[in-house]
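These are the structures in question, set out in turn.
Below are two complexes that have chain A in common, paired first with chain B and then with chain C.
So, the complex of A and B:
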C-alpha cells in the first residue's frame, strides 16, 4: 500500500486513461484522437524527464521517436521481423544514441546542449530523407504491420500500458537516490559535484531513459499508422512536445501528459492544420508568462512531483 | 583551383548574410546570456512581407514586420523578467515559441511557396570568377552594418553601457545603467538586423517558411565559431560558415553537403564554445 501511495501518479494516470478510454470507445474518431494523444504523451513525458528533472532542454525527442519508428519499420517491413521482436531494438537504439549524445554534451552549458540536440535532430532528418534504399527517402515506408489490427481499443490499452510503465519508471527514478541526485544537479551543479554525484554519467543515464521512452512512442506510432515519412515525426514533434511539457508543467511527472491531453483536445477545435503552430507557440508564451510552472503547477503544491 | 577559388568567393559573399544574422545573435548572447531562436523567423517574415508588397515600400514593410515581431519578443522578455524569470533557457524557450508561431503564421498566410525576387539578371566576371552583383551588395551592406555596430559598441556611451551590462549586470544596475532596458533594446535590434538579412536573402537565394529554424542554427554556429567575443568575431564566423557551406555544397553531394555545416556546429559546441561558467547555470 505504501508502495503505491508514493507512486500516485501512475494510479492517477491509469484511472484517467481508463475513464477516457471508456468515453472514447463510443466513437472510432475519438478513439483515434485518444491514441494519438497517448503517443504524444509518451514522447512529451520523455522531454519532461530531460528538462523538468535533468534540466536539459532537448529539441531532439521527436527525432529519437523517429529513430524508434524507423527501426521497427525497417525491421518488420524489410526483414520481416515480428513487431514484438522489434520493440526492444526500437527502444534500445534511441537510448544508446541518446546516451552517446549526452556523454558528448552534458558537461556543457544548458544552452549549448539545447542547440546540440537541435543540430542532431536536423542531421537525423537529413539522413532519413536521403538514405533512400533504407528509409524510403521522401516517399517513406508504407505497409508497416499493424498491432491489434481492427481492434483500436486493444491498441489504446497497449499504448496506455506503455505510458503507465514509463510513468512508473520515471516515478521510481525520482524516488531513488539517482532522482535526488538529478534534483541536486538542477538546483546547484557545483554542490552536486561536491556531493560526489557523477554529474555527466547521471545526466546521460536520464537522457538515455528519456530517449528510450521516445523510441517506444515511435514504435507505437509506426504500428498504429502503418506509414512513415520523414515528416511524420521529427522536428515538428520535438517542438510540439516541448510546448506540451511547458503547458502542463515540466516539474510535475504528469505535467507533460496533461499538456499533451489539453493541447491535443484543443487542437481539434482549430480551423486548419496550418494555424496549429500559432496556437501552440502562443500557448507556450502565455503559459510561461502567466503560470510558469504549468497548469499542473497551479493545482499542485510546490515541490510535489 | 579556379573552381575552388570561385567556391570560396561565393562562400564569403553568402557568409555576409549569415554574418549579418550572427551580429544580433552574439549581441543577445552576450548582453542577455540567452539566444533568440526567432531570429531566423524575423528574416523569413521580412522576406515574405517584402516580396508581397514589392518595391521600396516592400523593403520598408518587410523591415517593419520584422521589427514588430522583435518588439513582441522584447515585450515577452520584459514580461518574463518582471515575472522573475532569470534562467536564460526559459527565455530561449519563449523565443522558440515565438519562432514556431511566426512560422505557422507565414504558412497560413502565404502557404508553402518560396519567396524570391531577382534584382539583377547579369552576372559579372572578375578574374574568371562569376559573381552576382546582388551578392556584392549583400557583402557591402554586411560590412557597413558591422562597422555601425562596432562604432556603437566601442565608440559611444550607449555601447559602453551595453558592454558593462554584459560583463557585470548587477554592477551595471548599481551604477545606474538600465540593464533590462538595454537588453530589451538588444532584442529589438535583432529584429532590425534579422529583417535586413531576410530581405538580402530574398533578393539572392530566396527562402521559404521552413527556413527560420535552420537560419537560426546557421547563424548561431557563425556566432560561436570563433568564440562569442564581440561583433568582429561573430561577423568573421558568419563568413567562415558561408565558406564551409559553399565548399561542402560545391564539393560533396546533396545529403553530405547539407550535413557538413551542422557537423561543424556540433564540433564547435562539443569543444565547449558555449561552456563558459556564465552560461552554465552554475553559481554566479
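So, the complex of A and C:
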C-alpha cells in the first residue's frame, strides 16, 4: 500500500520496538529500562520536530513533559480522576501553552529563543517547587495511580503505541504542505512568506504538536513511576533530549528515537551515575566529529526522512 | 470593479530618507510592465511596498479594486500577487518539483490537524497539489527537469523554477525582481519566452530590471523612477527616445540602448 510505503518510519519503529520488547521481557530490569527509553524517546521526538524541522531550538521540552506529568498527577491524586480521563488534559494543556509560547518567542533570534525557553523552564521549576498545596512542593506528589500495575509488558506496549502514534503524526505532517512549509521556514523565512505561509501561525502549530508529544511523555512517566518531584522532569531532561536528537540525527524523523535508545542503553553500561555527564559530553563530541547529521544521517539520505 | 494592480501616491520614508515620494504604477492582467530606474531610485522599495514586505508611509495599493495596502506579505501572496527574489532563494538539494510544490501552499484547504492525523482529505489534497505542480512545470517547459536537484541546474533554469514557484498557486500578478541579472544571452531569451507565456495566460507581470534591452524587448509599457518619483511612463520606444530618461537613467552612454535583448 502506497499509504504505508510513504510512512515507513512508523512501521520501522513498531518492528524494532516489538523486537526490543520481546528481548527485554525476559528481564524485569531491562523492561524497566526499555520503558524509560520509550518515554525519553517521546520527549526527544518533540525536539526533533521543533528543532530538526521547524528550526526552533527549544530548551523547554522537558518542562512540557513536566506540565503533562503534573497535570495528570494533580487530577488523579487530588481530584480522583481516572488516568485515562486525565490523558487528554495532560496532552492539551502543554499543547496550548506551547502554542502561546511559540507566538512569543519565534520572532526572536535562534540563540535568544534557546535562552528564553531555558528561562521559562527555570520559572516552571520554581513554580512547581513553591506551589506547595497543589504540586506538593519539594516533596513532590506520591501515590499517583499506576496504569497496568504489575504488568510492565502491557505498559511497555502502551508506551510504544503512544510513541508510534506520535511518529505517525510527525510523518503525516512532513508529507503535507505544512511539512514542506516548515522546511522552507527553517531555511529561509522570507522565502516562506513569499510562498504564502503565515510563518508565526505554522510555527506555533508545529510547536503545539511537539508540546503535546512531550505532555504525553509526561503522562506516561507519572503513571509508570507513580511519584513526581520538581526534579523528575524539566531542564535536565530538556538538555538530554537535545543530545539524543543530535546523536540520532535531528533531520530524520526517527533520529531522536534512535538517539534515545543508544544513549539509554549505553548509560546502563556505565559504572556509576556520576560519570553520566562526562559520557554525554563525550558522546556529543564524537558525534559532531564523526557524523554531523547524526547516526541516521550515516545510513539514510536526508529528505528520505 | 476595476481590473489591475494599481499603486498610487506611494510615499516611503525610512527615518530621514525619502525612498519613495509619490510613486505610482499600474499593472493589468495579461500585460508585461517594466519598472526601471537608477540604483537608489526606489525600484526595490516600490516592489517591497506592493508585496507587503514593507508598509508604505502613505499611499494606496489596490488589487482589482480592493485595497491591499499594509496587508502582511503572506496575505498579499494569497490575494494573488506572487514575487521572485533578486538572488534566488532556494534549497539547492530540493528537486524542481518539490520547489514548485512549495509554491502551491496557498491552494491547500486541509488544516494542520487533518494533516497530522493523516485524514483521507489531506492525502487526497496532497495528490491534487502534486498534479497542480506538474501542470505548472509543463506550462513553463520544466516538466523534463522535475526530478532534478536545483543545485545542478544552470542559473537561467533556477530563475525559471522561481517563476514557476511564484505562479504555482494561481497568482494573477507576478512581480519579478531583476530576473535577467547574471544570465547568458540564451538563458535570457528562454526566460523572456517563459515570461511571455505566463503573461499570455492572463497574468499581469511587473518586471523590475536593470537591463534596458531586456525590458524593452518584453514590456509594452515602462515606468521610469527617479529619486522616488515617476520620471516618465510610456511605451518602450517612447521611453527609449525620451531625453529625460536618457539623461537620468541611460546616462550619456547610448550604447546601453543598442545592447541586444
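The criterion applied here is as follows: the second predicted complex is superposed on the first by the 305 of 305 C-alpha atoms of A that agree within 3 Å, B and C clash if a C-alpha of one lies under 4 Å from a C-alpha of the other, contacts with A are read in each partner's own complex, and residues count from 1 in each chain.
Going forward, a contact is a pair of C-beta atoms (placed from the backbone, for glycine too) under 8 Å apart; a residue touches a chain by one contact, two chains touch by 3 or more.
Keep in mind the model is a prediction, meaning the values are calculated, not measured.
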Once the structures are superposed on A, label A:168 by its partner contacts, choosing first (chain B), second (chain C), both or neither. second
With both complexes superposed on chain A, which partner does A:11 reach: first (chain B), second (chain C), both or neither? neither
Quick one: classify A:178 as touching chain B (first), chain C (second), both or neither. second
Thinking of the overlay built on chain A, is A:281 touched by chain B (first), by chain C (second), by both, or by neither? first
Just checking: does A:33 make contact with chain B only, chain C only, both, or neither of them? Give me first, second, both or neither. neither
Examine A:120 and indicate which partner it touches, taking first as chain B and second as chain C; both and neither are also allowed. first
Given the touch rule stated above, what does A:25 touch, chain B (first), chain C (second), both, or neither? neither
Comparison of chain B and chain C by chain A residues contacted: B
In the overlay, answer first, second, both or neither for which of chain B and chain C A:188 touches. both
On chain A, positions contacted by chain B and by chain C: 188, 190
With touch defined as at the start, can you tell me which chain A residues reach chain B in the complex? 55, 57, 59, 104-105, 107-112, 114-116, 118-120, 122-123, 126-127, 129-131, 188-190, 235, 239, 242-243, 246, 272, 274-285, 288-289, 292
Touching residues of chain A toward chain C in the complex: what are they? 3, 7, 168-170, 172-173, 175-181, 183-184, 187-188, 190-191, 193-199, 202, 205, 209, 302-303
Going by the contact rule set out above, which residues of chain B touch chain A in the complex? 34-35, 76, 79-80, 83, 85, 88-90, 92-94, 96-105, 107-108, 213-214, 217, 220, 254-255, 258-259, 262-263, 265-266, 269-270, 272-276, 279-283
Can you list the residues on chain C that touch chain A in the complex? 51, 53, 72-74, 77-78, 82-85, 89-91, 93-94, 98, 101-106, 108, 110, 112, 115-118, 122-123, 125-126, 129, 165-166, 169
